[in-house]
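Read from first to last, the chains carry the letters A, B, C, D and E; within each, the first residue is number 1.
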Amino acid sequence: MPREVVRFRHLKSYWPLYLLLVPSLALIAAFMYFPAFSGIYYSFFRWDGDELATFIGLENFHRAFGDPRLGYSFIVVGILFVANLFKMIPSIVTAVVIHRITSDRLRYVYRLLFVVPMVIPWMVVVLIWKFFYDPILGLLNAVLRPLGVLDLLGLGPFPAWLGEARLIIPALIIWGFPWIGIIGVLIYLSGLEKIPSSVYECAELDGVGWLGKFFYIELPLIATQVRINLVLMIIGVLQGFDMILVLLGAEGGPEGAGLVPGLYMYYAAFIERRAGYACAIGILLFFVIVILTYINNKYVRVET
Amino acid sequence: NHMRGRGRVGEREKTVLRIAHWQLEPGIREALDWVIGEYQELHPDVEIRQILIPEEGYFRWVNTQLIGRTAPDMIECGLGGSPELWRMFYARYFLPLDEYVDEPNPYNQGTVLEDVSWRETYFDDMLGGYEETLQTYFRVPLSAFTLRLYYNADMVGEVWDEDERGTPFPRTYEEFVELCELLQEQQGEGFVPISGSSYSFDRIIHVYRTALTAGYHDRLDTDYDGTVSRLESAAPLFSGRLDMREEGAIRATFELLREIAEYSPPGATAMGRDEADFLFLQERAAMMPTGSWDYSSLMERAEGQFTLAVAEMPLPSPDHPRYGPYVTGPPTEAHTQGAFPFAITRTSPNADIALDFLQFASSLKYNEALNEQMFWLPAIGEAQPREELEPFTPRVEGYAQTVEFEAPGTAMSFRHTLPVFLAGTHDYETFVDRYMASFRRELPDQGVPEHIRDMNRTLDQQKRYGSIRRAAISGAAGADAILTGDPAEQHMRIMEAYVGQRASRDHEVHTWVEHARYYHEQR
Amino acid sequence: MAEVTLNNVSKVYPGGVRAVNDVNLEVEDGSLLVLVGPSGCGKSTTLRMVAGLEEITDGDIYIGGRLVNDVLPKDRDIAMVFQNYALYPHMTVYKNMAFGLKLRKYARDEIERRVQDAAELLELTPLLERRPRELSGGQAQRVAVGRAIVRHPQVFLFDEPLSNLDAKLRVQMRVEIARLHEQLGATMIYVTHDQVEAMTLGTRVAVMKDGYLQQVATPMELYDHPVNMFVAGFIGSPPMNFIRGELERSGPDVRFLGPDFSLMLPDRLASAVEERAGRRVAFGIRPEDIHDRAFAPETDPDNTKTIRAEVVEPLGAETLVYLRTPSQDEDVVARFDSRSNPHVGQDIEVVFDMTRAHLFDLESEESLTYETETAPTV
Amino acid sequence: MSRPESPIARVLKHSYLWVMLALTFLPFYIMLVISFKTNTQFYRQPWTLTFPLHFENWAIAWETVSVYIANSVFLAVTATLISLVIAILAAYVFGRFKIPFGDFIWAAILLLLLMPGVANLVPLFRVMTELRLLNSLIGLALVGAAGGQIICLYVLRNFIEDMPREFFECARIDGASHLQQIVHVVIPQCGGIISTLAILRFVGEWNSFILPLITLRDPDKLPLAVGLFRLQGAYVKQWGPLMAAYFISAIPLVILFAFTMRFFIRGIGEGAIKG
Amino acid sequence: MAEVTLNNVSKVYPGGVRAVNDVNLEVEDGSLLVLVGPSGCGKSTTLRMVAGLEEITDGDIYIGGRLVNDVLPKDRDIAMVFQNYALYPHMTVYKNMAFGLKLRKYARDEIERRVQDAAELLELTPLLERRPRELSGGQAQRVAVGRAIVRHPQVFLFDEPLSNLDAKLRVQMRVEIARLHEQLGATMIYVTHDQVEAMTLGTRVAVMKDGYLQQVATPMELYDHPVNMFVAGFIGSPPMNFIRGELERSGPDVRFLGPDFSLMLPDRLASAVEERAGRRVAFGIRPEDIHDRAFAPETDPDNTKTIRAEVVEPLGAETLVYLRTPSQDEDVVARFDSRSNPHVGQDIEVVFDMTRAHLFDLESEESLTYETETAPTV
């Protein structure tokens, strides 16, 4: 829907709109801007995270551009980003399947059931995944070994998914199987709920099959939600590092195979206390995110 | 209870002190509470509260509290962050203890240690509280930790006949390798002789590196402070005076480590402690190196399943064809771990009480009792550890660490390249080439060139004050004669020397000058 | 073969609303049935059940002889125009219309041709690239119609497809739908509330009320022979006038005694109702059967009354006159020739064309004269 | 909506969901099993039930976490409410109107969402010190709301933009002020997404760890996430009580979920707008 | 005081569609203006601009003398029935209707009273607790109307408010709206495509086409004196017949020469067009002005022609006959008295009532006879 245009001369009657923005902006101004701007500010400094800061101009950026490790970290995150595009699919499918349950009560139950795992603490998730990948006791090898997949790939009987440089990215991709992001599912669902049932009915009469309904009706009509989830995913993947930190350690595993920019930033800021450099990485990362978000917002559009 | 007593009618407001640490496991808090309780009996107007901070957030917590000037009075030191960072913290935020360590601990009155200086009551002369580079005491350790190799005696016994071999466990590295082979052979696939994690591997590296490269000490301790700091060992590596490819001892160290890695789980350097415990406790591994802090819990978990035994990490005998020539001896276990060390923050309004409390907790009687409760090793020399912990008693004789491969700023490179080498993916030369490439790329930012450049300029100063200091510390006869008199003046000079050494990093200068000034003003 | 048969079909909505009750209906193959009835009587529900969009609570629906109760909508070969259009909001007008064809894998140029033809017909050609929300109400409705007619299914269901169109366009569309019907020979069910549409379009018209089917017949039959007061009142606009009264028999004559005047029944009616003499009945007469005496085709003095004109509504081609009898609380509406020129408040002499009158039982509301032959309208 | 559905489709749908549910529920099984174990049992047989069952773990867990639950509930509820309320207000403005400087303000807000914030902790701590919000749950809630609202704002704006404008127009003609339009039009019709965001924010605050850890000094103010670490020592984790405690602390969340899931209403726009 | 004035109002939609062009319109305080026009001509857009929902691209709108271009909708004191209902899906029927009153802080029992009254009027009482999606199309539309009428604003805007209702209910509603209008004395603008509604309801009727206002006049004036072919063809159903031809002057007489027959113009027309002799014109005549000779009020032999009946549509009260002249490609429609009984294919003698004929310039489509007095319809 195009938004209503309020012109300058209308402000006489529309000024209360600005009032509605005040609480939001006030909190942001109070708590968000100083930290964010200090991040930008300190990216031009050699800064230890405390009061000692030496202005060094663009040296941090200069260094960042010459830092092969940072370059590699962007490649890693690029691969993860592409993988995550595919990892969005199960959420969409799940949302659609839930949505298509005809009984209101069952749909409620399913939604609830799917939401419940959100309470699973991070620590338990990590525990499970660590043991999933464990070379000797782990489930992954236990499943793959009898299937002959390990031999086929030439990985030996006990590949260390988190301990071998070449296996780290595959492990990070497998991570989270079956890749159902619950918040994503809910966002899709609330988009799906808004599709009038008459559109479905019409599609049914037009002879749209279950697959066609997905591609022709549901997917285009939840484009807004896909866009939202894409943005969340972009932010999550590019800024995120918690999972890699616990799985692989602060260095991102052997050869830094899992070193993503966020983790590198964390490492620089907290392990090495080169907070200025971390801020500079943050700024670069920020530009990449902005560009991706922009592309996403421009090209993923509801066609209404 | 911390809430109690605060508002009690008619009672004087209590002085409240806070002590922060990350030992959240059961027993520690209670033990500490017990000591606190004892102390409060003596000093009814003081209340000490524990702040328990989980390991996960500890460093960030300390960081922000220190920067925000909201830190509690006493903080447990050493977790997270690099040694350089902590050094900076000490210099900037913590109270030097030098003037107290040479006085007796008042709470030792009436014991054998009555007249002994506080420093000397420690089994290691309080080295665990000493910051070599700053040549200052900052921390008060309350415990000691040592590293041992735990093993499943039943499993080892099956292949290692004590009667035949004479010892229940291999004494030399050669025998140890043999044992690993035997175990592997007997247990087959899905078994590894040594369970390990990144956590324990760091400690193994320390043991063997020290054992094989102790000979470098004299060559590398360029500032004569008695230890080889990371900068001191990074400088020659960087300048090429110490070439990892050429130095036989270094090569031997890494090759030995690779051999051990073969008997460890694949990718052990990326594994967590829990996974290592699982392998060991589920008898998929026969041995696991870890510290004394794990003893009680491992004992408890192994009970009824197998016999848990403890040995020292075996070193290669001098006859070992490959490593023998380099082995000097085991590493010293003095100050190997921070060992529950507390430092007093400068922002504390009650630093004197904090110090008093720490002295109380490190007195012979209470330190023994405290560690008894915690199931840890006491830090005071005369204190008796629990019987079960006998095998862990720290061995003070031994060699100090010399070559440190992780220089400031290159730790990441080291951790990237080492596992790949250990996994046997490529040979030693490739490993060195790769590591040195990033080492050279990253080190310049960390002040090493400046260190090298300024070395000579500052060396004289350093030497002079260093020797004075050491003389004073060791109470050498006639030291007083050399002293310039005013200890504050003396301390400032030392700090300035350090500052000069790092002069190129202006913010550091700021720190050290500030520190020195503070110290001066205190007088 | 696609006759549509409803056997005792009922629909109860989850809330307990009985929308359709025990409806039996047969729509012959290739015929067009118009479904009319007051708002909320269950027309849309009936269509939706035929389309398979609504579960059938009770009864059976057959299409082409096949029981379709459990057949999915897409397998019923049906096109439907929804009352609320139900356009795909994310597709252009063109795509909305082409979609059904595309799914059925028609050739690209065949689709193009059909859509262009339909657009032409519906005057949508300049709008093909618009999206539904950029359309006016009538345009959207035409797209909905277009979407149905590009397909050539066995059964068409139209739910008030022309309600938002202006008269002219509506006539045009109606003609096109009739032509389409002829061309394709498809079975059609057409819901409308427009009398003209119902009358001109339907081979047969079904009247519903409160979920019950009232009468199914040809338009003229419905008009001339309503089975009950409801149908009589519903068909025709303005509706049939009802005057409550009694029947009185005097010799061979039967008279209807209204509150203000009495009317003589012609023989045909008289014989049908003579044994009901003395009973209360409703006398029904259509507005066009009340004439201004000046322009009346024939004037029976017995049935000429003088009544005051309360309201006069000139409609161009004719004039509606609301006549108020003293003790009647409802106006009697007459549809006068446009040449007649009554004034408000004027007393007018009107002639009741008794050959076209109806009598209904006041209790059951059933027609008493249903079986008798009225003078034909045509 | 009640229309016939093919039985095969039904079976497929349900079995898909059950498989997915089984996979996502696996951690619960593991938590439950572990919650009855001593550490000894856990390290020997982590994944299957072993006897005897140690119910006392639950008692320990309850004792440990019960003191924190109220804090967490207060913190999460306050932060969630604040962030949702202010985000809805702002999202209404951005989603419905193009006001002068609106795009600029929007960009300025949204960019914060995109800005990686690893090095922000210390400046934030400084701000809170300045504002005297240290050691205060309200302060934490405000900070949580300030950060959390941005994502809510972004999501809500997109949803409001997609709403049929007739609803707003109708309300405006009826004389609804902006606030009334928000209350009577936006909130009821965005129930699904608002409840999703509520869950997101609530869970986020519930699990927030570093900031409470750093800013709260009094142990009696700590929220659950920090309190739970009491069971997670540096050298020895108390697996059994820990898992039991996780279970216990999940209960308020599940209640919240069950409640908010009701705001998903199917086909809400149906019959309301023709076209 | 709430007259509504539009001064040179235009609306261009973002996509560039010019929906309304330079419209000048004045609706007097308390009067009811009916807005008609073909689908998509800009009626809804005009209403929406008056309501303040759509930005005015150009021109000014005044309500009660106040320039409202920048006044918020809620400050215009307006109620509107949306063409697409726009009911709040999350509110019951009752709440939907009460909403506007609640916002204006009416007392609870006042709200209750008004809503109950409206529900009674609109026959919605049993549905008050339903939600919009449980309503039939017509019911939903009535709720939309109810929502507007419970409020008593200065200006009512109705956008095709009765399109989904059956004839009977529609008549009823129409009467109610008229009564409401009288009672409240509010200004109303009423969009409809129902001729009868337009004719009966409107004090004045405005005809739009393609965004341009064509004519604003009383219903009868529009019917009798259309300014151009569009209005002539748009008002009236079936529409006016147009026959293209030439004017021929022979002495004092002026004749219209059609392709198949010629007609003699009566003096009144003749004098208006005599200087146009030889020019091509369209001759326009309404269906009801073509009579079956048998029932014609008067028969002028000059203007009696024999034409073949192509289609016969009996409508009950009257019969439509589509007459096909040999060289004409469009049928000429005649509306016969219902007593006349033509058969398809039969040649019929029809009488053209020339006193009520119109002549239009074929190029500009403007009426040539607009100023002349036609015989009054009433």
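Throughout what follows, a residue touches a chain if its C-beta (ideal position, glycine included) is under 8 Å from a C-beta of that chain, and two chains touch if they have at least 3 such contacts.
Given the structure is predicted, the values throughout are model-derived calculations rather than measurements.
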item	value
For subunit C, the least number of touch steps when starting out from subunit B	2
Chain whose Cα centroid lies at the greatest distance from that of subunit E	B
Remotest chain, subunit C as reference, centres from CA atoms	B
Interface with more contacting C-beta pairs, comparing A-D to B-D	A-D
Cα-centroid distance, subunit D relative to subunit E, in whole angstrom	56
Computed distance of Cα centres, subunit D from subunit B, in Å	41
Chain centre separation (subunit A, subunit C; CA means) in Å	59
Multi-partner residues of subunit B (at least 2 other chains)	60, 63, 67, 274, 278, 282
Where subunit D touches two or more other chains at once, by residue number	2-3, 46, 122, 126, 164, 177, 232, 265, 267-271, 273-275
Residues within subunit A bordering two or more other chains	1, 4-5, 49-50, 127, 131, 196, 198, 201, 204, 270, 302, 304
In the complex, subunit C residues that touch subunit A	48, 51-53, 72-74, 78-80, 82, 84, 86-91, 99-100, 103-104, 131-133, 147, 151
Residues on subunit A engaged by subunit C in the complex (per definition of touch)	1, 196, 198-199, 201-209, 212, 216-217, 220-221, 223, 302-304
Of subunit E, residues touching subunit A in the complex	14, 55, 70-72, 75
Subunit C residues touching subunit E - in the complex, by the definition given at the top	13, 15, 17, 36-40, 43-45, 83-84, 127, 130, 134-139, 141-142, 159-160, 163-171, 193-196, 199-200, 220, 223, 233-239, 286-288, 297, 312-319, 335, 337-339, 341, 377-378
Subunit A-facing residues of subunit B, complex	59-60, 63, 66-67, 80-82, 85, 88, 92, 189-192, 198, 265-272, 274-275, 278-279, 282, 284, 408-409, 411-412, 415-417, 419-420, 423, 425, 438, 441, 445, 506-508, 510-511
